[in-house]
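Should a chain be cited, it is by its letter among A, B, C and D, assigned in written order, with residues numbered from 1 in that chain.
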Amino acid sequence: MNTLTLDVARTIVAAARDHGRRAGLKPLTVVVLDAGGHVVAAEREDGASNRRFDIAFGKAHGAISLGLGSRALMERAEQQPFFIAAVTSAVGGALVPVPGGVLVRSPEGALIGAVGITGDSSDNDEAAAVAAIEAAGLRAQPA
Amino acid sequence: MNTLTLDVARTIVAAARDHGRRAGLKPLTVVVLDAGGHVVAAEREDGASNRRFDIAFGKAHGAISLGLGSRALMERAEQQPFFIAAVTSAVGGALVPVPGGVLVRSPEGALIGAVGITGDSSDNDEAAAVAAIEAAGLRAQPA
Amino acid sequence: MNTLTLDVARTIVAAARDHGRRAGLKPLTVVVLDAGGHVVAAEREDGASNRRFDIAFGKAHGAISLGLGSRALMERAEQQPFFIAAVTSAVGGALVPVPGGVLVRSPEGALIGAVGITGDSSDNDEAAAVAAIEAAGLRAQPA
Amino acid sequence: MNTLTLDVARTIVAAARDHGRRAGLKPLTVVVLDAGGHVVAAEREDGASNRRFDIAFGKAHGAISLGLGSRALMERAEQQPFFIAAVTSAVGGALVPVPGGVLVRSPEGALIGAVGITGDSSDNDEAAAVAAIEAAGLRAQPA
(Lines give C-alpha, C1' and ligand atoms only; values in the text may rest on other atoms or scores of the structure.)
Protein backbone atom coordinates (compact mmCIF):
# COMPACT_ATOMS: atom_id res chain seq x y z
CA MET A 1 0.00 0.00 0.00
CA ASN A 2 1.53 3.29 -1.04
CA THR A 3 -1.35 5.66 -0.57
CA LEU A 4 -3.18 6.69 2.54
CA THR A 5 -6.82 5.98 1.72
CA LEU A 6 -9.80 7.47 3.50
CA ASP A 7 -10.52 4.09 5.06
CA VAL A 8 -7.06 4.01 6.58
CA ALA A 9 -7.39 7.62 7.72
CA ARG A 10 -10.71 6.85 9.40
CA THR A 11 -9.15 3.86 11.13
CA ILE A 12 -6.38 6.09 12.45
CA VAL A 13 -8.80 8.76 13.68
CA ALA A 14 -10.95 6.18 15.45
CA ALA A 15 -7.94 4.46 17.03
CA ALA A 16 -6.52 7.76 18.25
CA ARG A 17 -9.79 8.75 19.84
CA ASP A 18 -10.14 5.31 21.39
CA HIS A 19 -6.62 5.63 22.80
CA GLY A 20 -7.47 9.02 24.25
CA ARG A 21 -10.62 7.76 25.89
CA ARG A 22 -8.94 4.74 27.46
CA ALA A 23 -5.97 6.83 28.63
CA GLY A 24 -8.23 9.51 30.08
CA LEU A 25 -6.89 12.27 27.86
CA LYS A 26 -8.55 15.63 27.32
CA PRO A 27 -10.64 16.10 24.14
CA LEU A 28 -8.45 15.42 21.12
CA THR A 29 -8.38 16.80 17.60
CA VAL A 30 -6.96 14.43 15.01
CA VAL A 31 -5.95 15.35 11.45
CA VAL A 32 -4.67 12.88 8.86
CA LEU A 33 -2.78 14.08 5.78
CA ASP A 34 -1.71 12.20 2.65
CA ALA A 35 1.85 12.14 1.32
CA GLY A 36 1.31 15.47 -0.42
CA GLY A 37 0.35 17.14 2.85
CA HIS A 38 -3.37 17.42 2.06
CA VAL A 39 -6.25 16.69 4.46
CA VAL A 40 -7.84 13.24 4.18
CA ALA A 41 -9.80 13.18 7.44
CA ALA A 42 -10.21 15.21 10.61
CA GLU A 43 -12.26 15.10 13.80
CA ARG A 44 -12.38 17.54 16.73
CA GLU A 45 -13.87 16.14 19.91
CA ASP A 46 -16.47 18.07 21.88
CA GLY A 47 -14.83 20.44 24.32
CA ALA A 48 -11.72 21.03 22.22
CA SER A 49 -11.12 24.75 21.64
CA ASN A 50 -11.84 26.59 18.40
CA ARG A 51 -8.59 26.44 16.50
CA ARG A 52 -7.48 22.93 17.43
CA PHE A 53 -7.86 21.80 13.82
CA ASP A 54 -5.25 24.35 12.81
CA ILE A 55 -2.83 23.21 15.51
CA ALA A 56 -3.20 19.53 14.67
CA PHE A 57 -2.87 20.38 10.98
CA GLY A 58 0.27 22.40 11.69
CA LYS A 59 1.92 19.51 13.51
CA ALA A 60 1.22 17.09 10.68
CA HIS A 61 1.95 19.60 7.92
CA GLY A 62 5.30 20.58 9.39
CA ALA A 63 6.24 16.93 9.68
CA ILE A 64 5.36 15.93 6.13
CA SER A 65 6.82 19.14 4.69
CA LEU A 66 10.25 18.43 6.12
CA GLY A 67 10.15 14.63 6.31
CA LEU A 68 10.65 14.62 10.09
CA GLY A 69 8.30 14.00 12.99
CA SER A 70 7.39 17.18 14.85
CA ARG A 71 9.45 16.07 17.87
CA ALA A 72 12.54 16.51 15.70
CA LEU A 73 11.26 19.93 14.70
CA MET A 74 10.96 20.86 18.38
CA GLU A 75 14.57 19.82 18.98
CA ARG A 76 15.68 21.98 16.06
CA ALA A 77 13.55 24.85 17.35
CA GLU A 78 15.26 24.63 20.72
CA GLN A 79 18.66 24.85 19.02
CA GLN A 80 17.84 27.31 16.24
CA PRO A 81 14.49 28.98 16.85
CA PHE A 82 15.14 31.35 13.94
CA PHE A 83 15.44 28.40 11.54
CA ILE A 84 12.07 26.94 12.50
CA ALA A 85 10.49 30.40 12.38
CA ALA A 86 11.89 30.87 8.89
CA VAL A 87 10.75 27.48 7.64
CA THR A 88 7.28 28.08 9.07
CA SER A 89 7.10 31.16 6.91
CA ALA A 90 8.58 29.36 3.90
CA VAL A 91 5.92 26.64 3.99
CA GLY A 92 3.07 29.12 4.33
CA GLY A 93 2.54 29.35 8.08
CA ALA A 94 1.39 25.86 9.12
CA LEU A 95 4.17 24.25 11.16
CA VAL A 96 3.76 23.54 14.85
CA PRO A 97 7.07 22.23 16.26
CA VAL A 98 6.05 20.20 19.29
CA PRO A 99 5.42 16.45 19.58
CA GLY A 100 2.19 15.14 18.11
CA GLY A 101 2.98 15.34 14.39
CA VAL A 102 3.92 11.81 13.39
CA LEU A 103 4.90 10.50 9.97
CA VAL A 104 3.01 7.48 8.63
CA ARG A 105 5.00 4.84 6.76
CA SER A 106 3.85 1.68 5.02
CA PRO A 107 5.07 -1.64 6.45
CA GLU A 108 7.83 -1.45 3.80
CA GLY A 109 8.84 2.03 4.92
CA ALA A 110 7.34 4.25 2.22
CA LEU A 111 6.22 7.66 3.46
CA ILE A 112 2.46 7.81 2.88
CA GLY A 113 1.23 10.60 5.14
CA ALA A 114 1.23 12.21 8.56
CA VAL A 115 -1.01 12.43 11.61
CA GLY A 116 -1.35 15.51 13.81
CA ILE A 117 -2.96 15.41 17.24
CA THR A 118 -3.52 18.12 19.83
CA GLY A 119 -5.52 18.43 23.04
CA ASP A 120 -3.55 16.90 25.88
CA SER A 121 0.17 17.24 26.66
CA SER A 122 2.39 17.07 23.58
CA ASP A 123 3.82 13.77 24.76
CA ASN A 124 0.36 12.31 25.19
CA ASP A 125 -0.74 13.67 21.84
CA GLU A 126 2.21 11.94 20.23
CA ALA A 127 1.54 8.68 22.06
CA ALA A 128 -2.03 8.69 20.75
CA ALA A 129 -0.79 9.24 17.20
CA VAL A 130 1.76 6.45 17.43
CA ALA A 131 -0.77 4.03 18.91
CA ALA A 132 -3.30 4.89 16.21
CA ILE A 133 -0.88 4.49 13.33
CA GLU A 134 0.27 1.13 14.65
CA ALA A 135 -3.34 0.04 15.20
CA ALA A 136 -3.81 0.56 11.47
CA GLY A 137 -0.94 -1.80 10.75
CA LEU A 138 1.42 1.00 9.72
CA ARG A 139 4.72 2.37 10.98
CA ALA A 140 4.94 5.57 13.03
CA GLN A 141 7.88 7.99 12.93
CA PRO A 142 7.53 10.58 15.70
CA ALA A 143 10.95 12.26 15.25
CA MET B 1 -29.75 21.27 20.81
CA ASN B 2 -27.74 24.38 20.15
CA THR B 3 -24.30 23.03 19.40
CA LEU B 4 -23.09 20.93 16.56
CA THR B 5 -21.40 18.02 18.32
CA LEU B 6 -18.85 15.71 16.77
CA ASP B 7 -21.43 12.92 16.77
CA VAL B 8 -23.78 15.07 14.71
CA ALA B 9 -20.96 16.11 12.41
CA ARG B 10 -20.02 12.48 11.86
CA THR B 11 -23.62 11.64 11.09
CA ILE B 12 -23.72 14.42 8.50
CA VAL B 13 -20.46 13.32 6.88
CA ALA B 14 -21.64 9.71 6.67
CA ALA B 15 -25.04 10.68 5.29
CA ALA B 16 -23.49 12.95 2.66
CA ARG B 17 -21.15 10.23 1.51
CA ASP B 18 -24.01 7.73 1.47
CA HIS B 19 -26.07 10.14 -0.62
CA GLY B 20 -23.19 10.56 -3.04
CA ARG B 21 -22.73 6.84 -3.42
CA ARG B 22 -26.41 6.16 -4.03
CA ALA B 23 -26.69 9.07 -6.48
CA GLY B 24 -23.56 8.00 -8.34
CA LEU B 25 -21.68 11.23 -7.65
CA LYS B 26 -17.96 11.71 -8.11
CA PRO B 27 -15.74 11.42 -5.00
CA LEU B 28 -16.89 13.97 -2.44
CA THR B 29 -15.11 16.00 0.18
CA VAL B 30 -17.27 16.97 3.16
CA VAL B 31 -16.38 19.53 5.83
CA VAL B 32 -18.55 20.34 8.84
CA LEU B 33 -18.05 23.57 10.81
CA ASP B 34 -19.53 24.65 14.12
CA ALA B 35 -21.30 27.95 14.77
CA GLY B 36 -17.92 29.67 15.20
CA GLY B 37 -16.80 28.59 11.74
CA HIS B 38 -14.27 26.06 13.02
CA VAL B 39 -13.71 22.52 11.71
CA VAL B 40 -15.50 19.73 13.57
CA ALA B 41 -15.08 16.93 11.04
CA ALA B 42 -13.88 16.40 7.48
CA GLU B 43 -13.45 13.52 5.06
CA ARG B 44 -12.04 13.49 1.51
CA GLU B 45 -12.96 10.44 -0.54
CA ASP B 46 -10.34 8.56 -2.53
CA GLY B 47 -9.91 10.07 -5.96
CA ALA B 48 -10.78 13.62 -4.91
CA SER B 49 -8.04 16.07 -5.91
CA ASN B 50 -5.52 17.59 -3.52
CA ARG B 51 -7.14 20.83 -2.46
CA ARG B 52 -10.74 19.73 -2.17
CA PHE B 53 -10.65 20.20 1.59
CA ASP B 54 -9.87 23.87 1.03
CA ILE B 55 -12.73 24.27 -1.44
CA ALA B 56 -15.27 22.51 0.77
CA PHE B 57 -14.04 24.52 3.73
CA GLY B 58 -14.35 27.72 1.70
CA LYS B 59 -17.97 26.99 0.84
CA ALA B 60 -18.92 26.32 4.45
CA HIS B 61 -16.76 29.11 5.85
CA GLY B 62 -18.19 31.68 3.48
CA ALA B 63 -21.69 30.60 4.42
CA ILE B 64 -21.25 30.72 8.17
CA SER B 65 -19.19 33.93 7.95
CA LEU B 66 -22.05 35.82 6.31
CA GLY B 67 -25.04 33.84 7.60
CA LEU B 68 -26.12 32.87 4.10
CA GLY B 69 -25.88 29.64 2.16
CA SER B 70 -23.23 29.76 -0.56
CA ARG B 71 -25.92 29.77 -3.26
CA ALA B 72 -26.88 33.23 -2.04
CA LEU B 73 -23.21 34.21 -2.17
CA MET B 74 -23.11 33.10 -5.81
CA GLU B 75 -26.09 35.29 -6.62
CA ARG B 76 -24.37 38.22 -4.97
CA ALA B 77 -21.15 37.41 -6.86
CA GLU B 78 -23.02 37.50 -10.14
CA GLN B 79 -24.39 40.96 -9.28
CA GLN B 80 -21.41 42.46 -7.47
CA PRO B 81 -18.28 40.37 -8.00
CA PHE B 82 -16.17 43.08 -6.34
CA PHE B 83 -18.18 42.72 -3.14
CA ILE B 84 -17.59 38.98 -2.88
CA ALA B 85 -13.91 39.45 -3.78
CA ALA B 86 -13.59 42.03 -1.02
CA VAL B 87 -15.37 39.91 1.56
CA THR B 88 -13.24 36.90 0.64
CA SER B 89 -10.18 38.97 1.45
CA ALA B 90 -11.76 40.42 4.57
CA VAL B 91 -12.52 36.98 6.03
CA GLY B 92 -9.00 35.74 5.35
CA GLY B 93 -9.33 34.12 1.95
CA ALA B 94 -11.69 31.18 2.52
CA LEU B 95 -15.00 31.92 0.77
CA VAL B 96 -16.09 29.91 -2.25
CA PRO B 97 -19.32 31.41 -3.67
CA VAL B 98 -20.98 28.51 -5.47
CA PRO B 99 -23.67 26.12 -4.19
CA GLY B 100 -22.55 23.44 -1.73
CA GLY B 101 -22.06 25.53 1.39
CA VAL B 102 -25.21 25.00 3.45
CA LEU B 103 -26.12 26.41 6.85
CA VAL B 104 -27.19 23.98 9.58
CA ARG B 105 -30.04 24.98 11.87
CA SER B 106 -31.57 23.20 14.82
CA PRO B 107 -35.21 22.08 14.52
CA GLU B 108 -36.09 25.34 16.29
CA GLY B 109 -34.12 27.38 13.79
CA ALA B 110 -30.97 28.21 15.75
CA LEU B 111 -27.85 28.51 13.59
CA ILE B 112 -25.45 25.80 14.77
CA GLY B 113 -22.99 25.32 11.90
CA ALA B 114 -22.38 24.82 8.20
CA VAL B 115 -21.57 22.03 5.80
CA GLY B 116 -19.37 22.39 2.71
CA ILE B 117 -19.24 19.80 -0.04
CA THR B 118 -17.29 19.67 -3.31
CA GLY B 119 -16.56 17.03 -5.93
CA ASP B 120 -19.52 16.83 -8.31
CA SER B 121 -21.52 19.69 -9.87
CA SER B 122 -22.26 22.50 -7.46
CA ASP B 123 -25.97 21.65 -7.56
CA ASN B 124 -25.25 18.02 -6.71
CA ASP B 125 -22.82 19.04 -3.97
CA GLU B 126 -25.57 21.16 -2.44
CA ALA B 127 -28.16 18.39 -2.73
CA ALA B 128 -25.82 16.05 -0.85
CA ALA B 129 -25.37 18.61 1.91
CA VAL B 130 -29.10 19.23 2.26
CA ALA B 131 -29.87 15.51 2.33
CA ALA B 132 -27.19 14.90 4.94
CA ILE B 133 -28.30 17.71 7.23
CA GLU B 134 -31.91 16.53 7.06
CA ALA B 135 -30.81 12.93 7.67
CA ALA B 136 -29.35 14.19 10.95
CA GLY B 137 -32.74 15.63 11.93
CA LEU B 138 -31.67 19.21 11.34
CA ARG B 139 -32.72 22.04 9.03
CA ALA B 140 -30.72 22.96 5.94
CA GLN B 141 -30.44 26.48 4.54
CA PRO B 142 -28.74 26.43 1.13
CA ALA B 143 -29.25 30.11 0.22
CA MET C 1 5.13 3.74 -12.14
CA ASN C 2 3.12 5.75 -9.68
CA THR C 3 5.48 8.52 -8.75
CA LEU C 4 6.96 11.25 -10.83
CA THR C 5 10.71 10.86 -10.29
CA LEU C 6 13.32 13.51 -10.95
CA ASP C 7 14.54 11.53 -13.96
CA VAL C 8 11.07 11.65 -15.47
CA ALA C 9 10.72 15.33 -14.63
CA ARG C 10 14.05 16.08 -16.32
CA THR C 11 12.94 14.15 -19.38
CA ILE C 12 9.76 16.22 -19.54
CA VAL C 13 11.63 19.51 -19.15
CA ALA C 14 14.11 18.58 -21.88
CA ALA C 15 11.38 17.41 -24.25
CA ALA C 16 9.34 20.56 -23.71
CA ARG C 17 12.32 22.76 -24.44
CA ASP C 18 13.19 20.69 -27.48
CA HIS C 19 9.62 21.05 -28.72
CA GLY C 20 9.79 24.79 -28.22
CA ARG C 21 13.04 25.08 -30.13
CA ARG C 22 11.83 23.02 -33.07
CA ALA C 23 8.50 24.87 -33.18
CA GLY C 24 10.21 28.24 -32.99
CA LEU C 25 8.50 29.25 -29.74
CA LYS C 26 9.59 32.11 -27.53
CA PRO C 27 11.70 31.29 -24.46
CA LEU C 28 9.82 28.83 -22.28
CA THR C 29 9.67 28.24 -18.56
CA VAL C 30 8.81 24.68 -17.56
CA VAL C 31 7.81 23.52 -14.07
CA VAL C 32 7.10 19.90 -13.12
CA LEU C 33 5.16 19.06 -9.93
CA ASP C 34 4.59 15.73 -8.23
CA ALA C 35 1.16 14.40 -7.28
CA GLY C 36 1.21 16.44 -4.08
CA GLY C 37 1.72 19.66 -6.03
CA HIS C 38 5.35 20.15 -5.03
CA VAL C 39 8.21 21.21 -7.34
CA VAL C 40 10.37 18.42 -8.75
CA ALA C 41 12.17 20.33 -11.50
CA ALA C 42 12.06 23.72 -13.22
CA GLU C 43 13.95 25.56 -15.93
CA ARG C 44 13.52 29.10 -17.25
CA GLU C 45 15.09 29.77 -20.63
CA ASP C 46 17.23 32.84 -21.26
CA GLY C 47 15.09 35.79 -22.25
CA ALA C 48 12.02 34.71 -20.28
CA SER C 49 10.83 37.47 -17.96
CA ASN C 50 11.37 37.55 -14.20
CA ARG C 51 8.29 35.90 -12.78
CA ARG C 52 7.74 33.22 -15.39
CA PHE C 53 8.48 30.51 -12.81
CA ASP C 54 5.53 31.73 -10.77
CA ILE C 55 3.23 31.69 -13.79
CA ALA C 56 4.24 28.21 -14.90
CA PHE C 57 3.94 27.03 -11.29
CA GLY C 58 0.48 28.56 -11.04
CA LYS C 59 -0.73 26.73 -14.14
CA ALA C 60 0.50 23.38 -12.87
CA HIS C 61 -0.53 24.02 -9.27
CA GLY C 62 -4.06 25.02 -10.19
CA ALA C 63 -4.38 21.89 -12.32
CA ILE C 64 -3.17 19.43 -9.70
CA SER C 65 -5.08 21.18 -6.92
CA LEU C 66 -8.41 20.69 -8.68
CA GLY C 67 -7.66 17.58 -10.72
CA LEU C 68 -8.33 19.38 -14.02
CA GLY C 69 -6.03 20.70 -16.73
CA SER C 70 -5.78 24.48 -16.72
CA ARG C 71 -7.75 24.69 -19.98
CA ALA C 72 -10.78 23.47 -18.02
CA LEU C 73 -10.05 26.09 -15.38
CA MET C 74 -10.10 28.75 -18.10
CA GLU C 75 -13.50 27.56 -19.29
CA ARG C 76 -14.81 27.74 -15.74
CA ALA C 77 -13.26 31.20 -15.33
CA GLU C 78 -15.07 32.39 -18.43
CA GLN C 79 -18.39 31.14 -17.01
CA GLN C 80 -17.86 31.98 -13.35
CA PRO C 81 -14.88 34.28 -12.89
CA PHE C 82 -15.77 34.73 -9.23
CA PHE C 83 -15.47 30.99 -8.64
CA ILE C 84 -11.94 30.79 -10.03
CA ALA C 85 -10.97 33.94 -8.13
CA ALA C 86 -12.27 32.35 -4.94
CA VAL C 87 -10.52 29.05 -5.50
CA THR C 88 -7.27 30.87 -6.26
CA SER C 89 -7.54 32.44 -2.85
CA ALA C 90 -8.53 29.15 -1.21
CA VAL C 91 -5.45 27.35 -2.53
CA GLY C 92 -3.08 30.10 -1.46
CA GLY C 93 -2.78 32.27 -4.54
CA ALA C 94 -1.10 30.02 -7.12
CA LEU C 95 -3.66 29.20 -9.83
CA VAL C 96 -3.31 30.51 -13.38
CA PRO C 97 -6.42 29.55 -15.40
CA VAL C 98 -5.20 29.51 -19.00
CA PRO C 99 -3.94 26.56 -21.08
CA GLY C 100 -0.47 25.26 -20.31
CA GLY C 101 -1.11 23.45 -17.02
CA VAL C 102 -1.40 19.79 -17.96
CA LEU C 103 -1.98 16.80 -15.70
CA VAL C 104 0.45 13.88 -15.96
CA ARG C 105 -0.96 10.37 -15.76
CA SER C 106 0.80 7.02 -15.79
CA PRO C 107 0.09 4.72 -18.73
CA GLU C 108 -2.51 3.07 -16.48
CA GLY C 109 -4.17 6.41 -15.75
CA ALA C 110 -2.95 7.20 -12.24
CA LEU C 111 -2.49 10.91 -11.54
CA ILE C 112 1.22 11.39 -10.81
CA GLY C 113 1.84 15.11 -11.30
CA ALA C 114 1.42 18.18 -13.46
CA VAL C 115 3.44 20.28 -15.88
CA GLY C 116 3.15 24.05 -16.24
CA ILE C 117 4.59 25.94 -19.19
CA THR C 118 4.56 29.65 -20.05
CA GLY C 119 6.33 31.86 -22.57
CA ASP C 120 4.51 31.63 -25.90
CA SER C 121 0.76 31.67 -26.57
CA SER C 122 -1.24 29.62 -24.10
CA ASP C 123 -2.16 27.15 -26.83
CA ASN C 124 1.48 26.71 -27.77
CA ASP C 125 2.49 26.39 -24.13
CA GLU C 126 -0.05 23.60 -23.76
CA ALA C 127 1.09 21.86 -26.93
CA ALA C 128 4.66 21.85 -25.61
CA ALA C 129 3.51 20.31 -22.33
CA VAL C 130 1.46 17.62 -24.04
CA ALA C 131 4.30 16.74 -26.41
CA ALA C 132 6.77 16.55 -23.54
CA ILE C 133 4.58 14.35 -21.36
CA GLU C 134 3.97 11.97 -24.24
CA ALA C 135 7.67 11.94 -25.10
CA ALA C 136 8.23 10.61 -21.57
CA GLY C 137 5.83 7.74 -22.25
CA LEU C 138 3.10 9.21 -20.07
CA ARG C 139 -0.46 10.43 -20.63
CA ALA C 140 -1.31 14.14 -20.82
CA GLN C 141 -4.61 15.64 -19.66
CA PRO C 142 -4.85 19.28 -20.74
CA ALA C 143 -8.46 19.90 -19.69
CA MET D 1 29.79 37.34 -18.04
CA ASN D 2 27.27 39.31 -16.07
CA THR D 3 24.18 37.17 -16.26
CA LEU D 4 23.48 33.75 -14.92
CA THR D 5 22.23 31.86 -17.97
CA LEU D 6 20.20 28.69 -17.89
CA ASP D 7 23.21 26.76 -19.16
CA VAL D 8 25.25 27.97 -16.20
CA ALA D 9 22.39 27.20 -13.81
CA ARG D 10 22.12 23.70 -15.19
CA THR D 11 25.86 23.22 -14.79
CA ILE D 12 25.60 24.30 -11.16
CA VAL D 13 22.66 21.99 -10.46
CA ALA D 14 24.45 19.03 -12.03
CA ALA D 15 27.69 19.76 -10.17
CA ALA D 16 25.90 20.11 -6.85
CA ARG D 17 24.11 16.81 -7.32
CA ASP D 18 27.37 15.16 -8.41
CA HIS D 19 29.07 16.53 -5.29
CA GLY D 20 26.27 15.18 -3.11
CA ARG D 21 26.49 11.75 -4.68
CA ARG D 22 30.24 11.49 -4.31
CA ALA D 23 30.13 12.80 -0.73
CA GLY D 24 27.33 10.43 0.22
CA LEU D 25 24.90 13.18 1.13
CA LYS D 26 21.16 12.73 1.60
CA PRO D 27 18.88 13.65 -1.33
CA LEU D 28 19.45 17.30 -2.22
CA THR D 29 17.24 20.02 -3.57
CA VAL D 30 19.06 22.69 -5.56
CA VAL D 31 17.63 26.05 -6.63
CA VAL D 32 19.48 28.62 -8.74
CA LEU D 33 18.34 32.25 -8.84
CA ASP D 34 19.45 35.09 -11.10
CA ALA D 35 20.59 38.51 -9.91
CA GLY D 36 16.96 39.60 -9.61
CA GLY D 37 16.21 36.77 -7.18
CA HIS D 38 14.08 34.83 -9.67
CA VAL D 39 14.21 31.07 -10.33
CA VAL D 40 16.35 29.94 -13.27
CA ALA D 41 16.56 26.22 -12.50
CA ALA D 42 15.62 23.78 -9.74
CA GLU D 43 15.81 20.06 -9.10
CA ARG D 44 14.58 18.02 -6.10
CA GLU D 45 16.10 14.56 -5.82
CA ASP D 46 13.94 11.53 -5.16
CA GLY D 47 13.42 11.02 -1.45
CA ALA D 48 13.63 14.71 -0.55
CA SER D 49 10.57 15.81 1.41
CA ASN D 50 7.70 17.87 -0.02
CA ARG D 51 8.68 21.41 0.75
CA ARG D 52 12.42 21.25 0.12
CA PHE D 53 12.07 23.53 -2.90
CA ASP D 54 10.72 26.22 -0.61
CA ILE D 55 13.56 25.82 1.85
CA ALA D 56 16.27 25.87 -0.82
CA PHE D 57 14.56 28.85 -2.44
CA GLY D 58 14.43 30.60 0.94
CA LYS D 59 18.16 30.18 1.49
CA ALA D 60 19.03 31.58 -1.93
CA HIS D 61 16.35 34.27 -1.85
CA GLY D 62 17.44 35.53 1.55
CA ALA D 63 21.03 35.66 0.36
CA ILE D 64 20.40 37.57 -2.86
CA SER D 65 17.85 39.84 -1.16
CA LEU D 66 20.41 41.10 1.33
CA GLY D 67 23.63 40.57 -0.63
CA LEU D 68 25.01 38.19 1.98
CA GLY D 69 25.44 34.42 2.04
CA SER D 70 22.92 32.73 4.32
CA ARG D 71 25.69 31.86 6.79
CA ALA D 72 25.98 35.57 7.52
CA LEU D 73 22.21 35.70 7.93
CA MET D 74 22.47 32.92 10.52
CA GLU D 75 25.07 34.90 12.45
CA ARG D 76 22.81 37.91 12.43
CA ALA D 77 19.86 35.72 13.49
CA GLU D 78 21.85 34.49 16.46
CA GLN D 79 22.55 38.07 17.52
CA GLN D 80 19.28 39.74 16.55
CA PRO D 81 16.58 37.19 15.81
CA PHE D 82 13.99 39.95 15.63
CA PHE D 83 15.87 41.60 12.78
CA ILE D 84 15.91 38.44 10.68
CA ALA D 85 12.25 37.77 11.52
CA ALA D 86 11.37 41.28 10.40
CA VAL D 87 13.37 41.07 7.19
CA THR D 88 11.82 37.69 6.39
CA SER D 89 8.43 39.32 6.60
CA ALA D 90 9.59 42.38 4.67
CA VAL D 91 10.83 40.32 1.73
CA GLY D 92 7.62 38.31 1.52
CA GLY D 93 8.37 35.29 3.68
CA ALA D 94 11.17 33.50 1.84
CA LEU D 95 14.39 33.81 3.87
CA VAL D 96 15.95 30.78 5.54
CA PRO D 97 18.93 31.90 7.64
CA VAL D 98 21.14 28.83 7.83
CA PRO D 99 24.13 27.89 5.64
CA GLY D 100 23.39 26.67 2.16
CA GLY D 101 22.40 29.93 0.47
CA VAL D 102 25.50 31.04 -1.44
CA LEU D 103 25.98 34.09 -3.64
CA VAL D 104 27.33 33.57 -7.16
CA ARG D 105 29.85 36.05 -8.50
CA SER D 106 31.52 36.29 -11.89
CA PRO D 107 35.32 35.79 -12.02
CA GLU D 108 35.55 39.60 -11.88
CA GLY D 109 33.37 39.76 -8.79
CA ALA D 110 30.03 40.87 -10.20
CA LEU D 111 27.01 39.51 -8.33
CA ILE D 112 25.06 37.41 -10.82
CA GLY D 113 22.84 35.14 -8.70
CA ALA D 114 22.52 32.75 -5.77
CA VAL D 115 22.30 29.04 -5.12
CA GLY D 116 20.22 27.44 -2.36
CA ILE D 117 20.66 23.83 -1.29
CA THR D 118 18.92 21.76 1.38
CA GLY D 119 18.78 18.09 2.30
CA ASP D 120 21.83 17.25 4.38
CA SER D 121 23.37 19.22 7.27
CA SER D 122 23.52 22.96 6.62
CA ASP D 123 27.32 22.81 6.44
CA ASN D 124 27.20 20.04 3.87
CA ASP D 125 24.52 21.86 1.90
CA GLU D 126 26.77 24.89 1.75
CA ALA D 127 29.81 22.84 0.75
CA ALA D 128 27.84 21.39 -2.15
CA ALA D 129 26.81 24.85 -3.28
CA VAL D 130 30.34 26.21 -3.11
CA ALA D 131 31.76 23.22 -4.99
CA ALA D 132 29.09 23.54 -7.67
CA ILE D 133 29.61 27.26 -8.20
CA GLU D 134 33.36 26.80 -8.49
CA ALA D 135 32.87 23.86 -10.86
CA ALA D 136 31.07 26.32 -13.13
CA GLY D 137 34.10 28.61 -13.12
CA LEU D 138 32.45 31.16 -10.86
CA ARG D 139 33.11 32.58 -7.40
CA ALA D 140 31.12 31.49 -4.35
CA GLN D 141 30.33 33.74 -1.39
CA PRO D 142 28.81 31.69 1.45
CA ALA D 143 28.73 34.47 4.10
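Criterion: a contact is a pair of C-beta atoms (placed from the backbone, for glycine too) under 8 Å apart; a residue touches a chain by one contact, two chains touch by 3 or more.
In this text the structure is predicted, and so the values were computed from the model without any measurement.
Per the centroid of Cα atoms for each chain, what is the distance between subunit A and subunit C, given in Å?
That gives a centre separation of 31 Å.
Roughly how far is subunit B from subunit D, centre to centre by C-alpha average, rounded to an integer in Å?
Averaging C-alpha atoms per chain gives centres 43 Å apart.
Just give me the whole-number Å value for how far the CA centre of subunit A lies from that of subunit B.
Chain centres of subunit A and subunit B, defined by C-alpha means, are spaced 25 Å apart.
Could you list which residues of subunit A touch at least two other chains?
Where subunit A meets two or more other chains at a single residue, that happens at 35-38.
Draw the chains as dots and join the ones that touch; what shape do you get: line, ring, star, complete or other?
other
Sort out which chains touch which and give me every pair.
Pairs flagged as touching, ordered by label: A-B, A-C, A-D, B-C, C-D.
Note which residues of subunit A are touching subunit C in the complex, please.
2, 34-38, 92
Of all residues in subunit B, which touch subunit A in the complex?
Counting only subunit B, the residues touching subunit A are 3, 5-6, 9-10, 36, 38-46, 50-51, 53.
Along subunit C, where are the residues that touch subunit B in the complex?
For this pair, the touching residues of subunit C are 35-37, 64-68, 80-83, 85-87, 89-91, 111.
Which stretch or stretches of subunit D touch subunit A in the complex?
Touching subunit A from subunit D are residues 48-51, 54-55, 57-58, 62, 74, 77-78, 81, 84-85, 88-89, 93-98.
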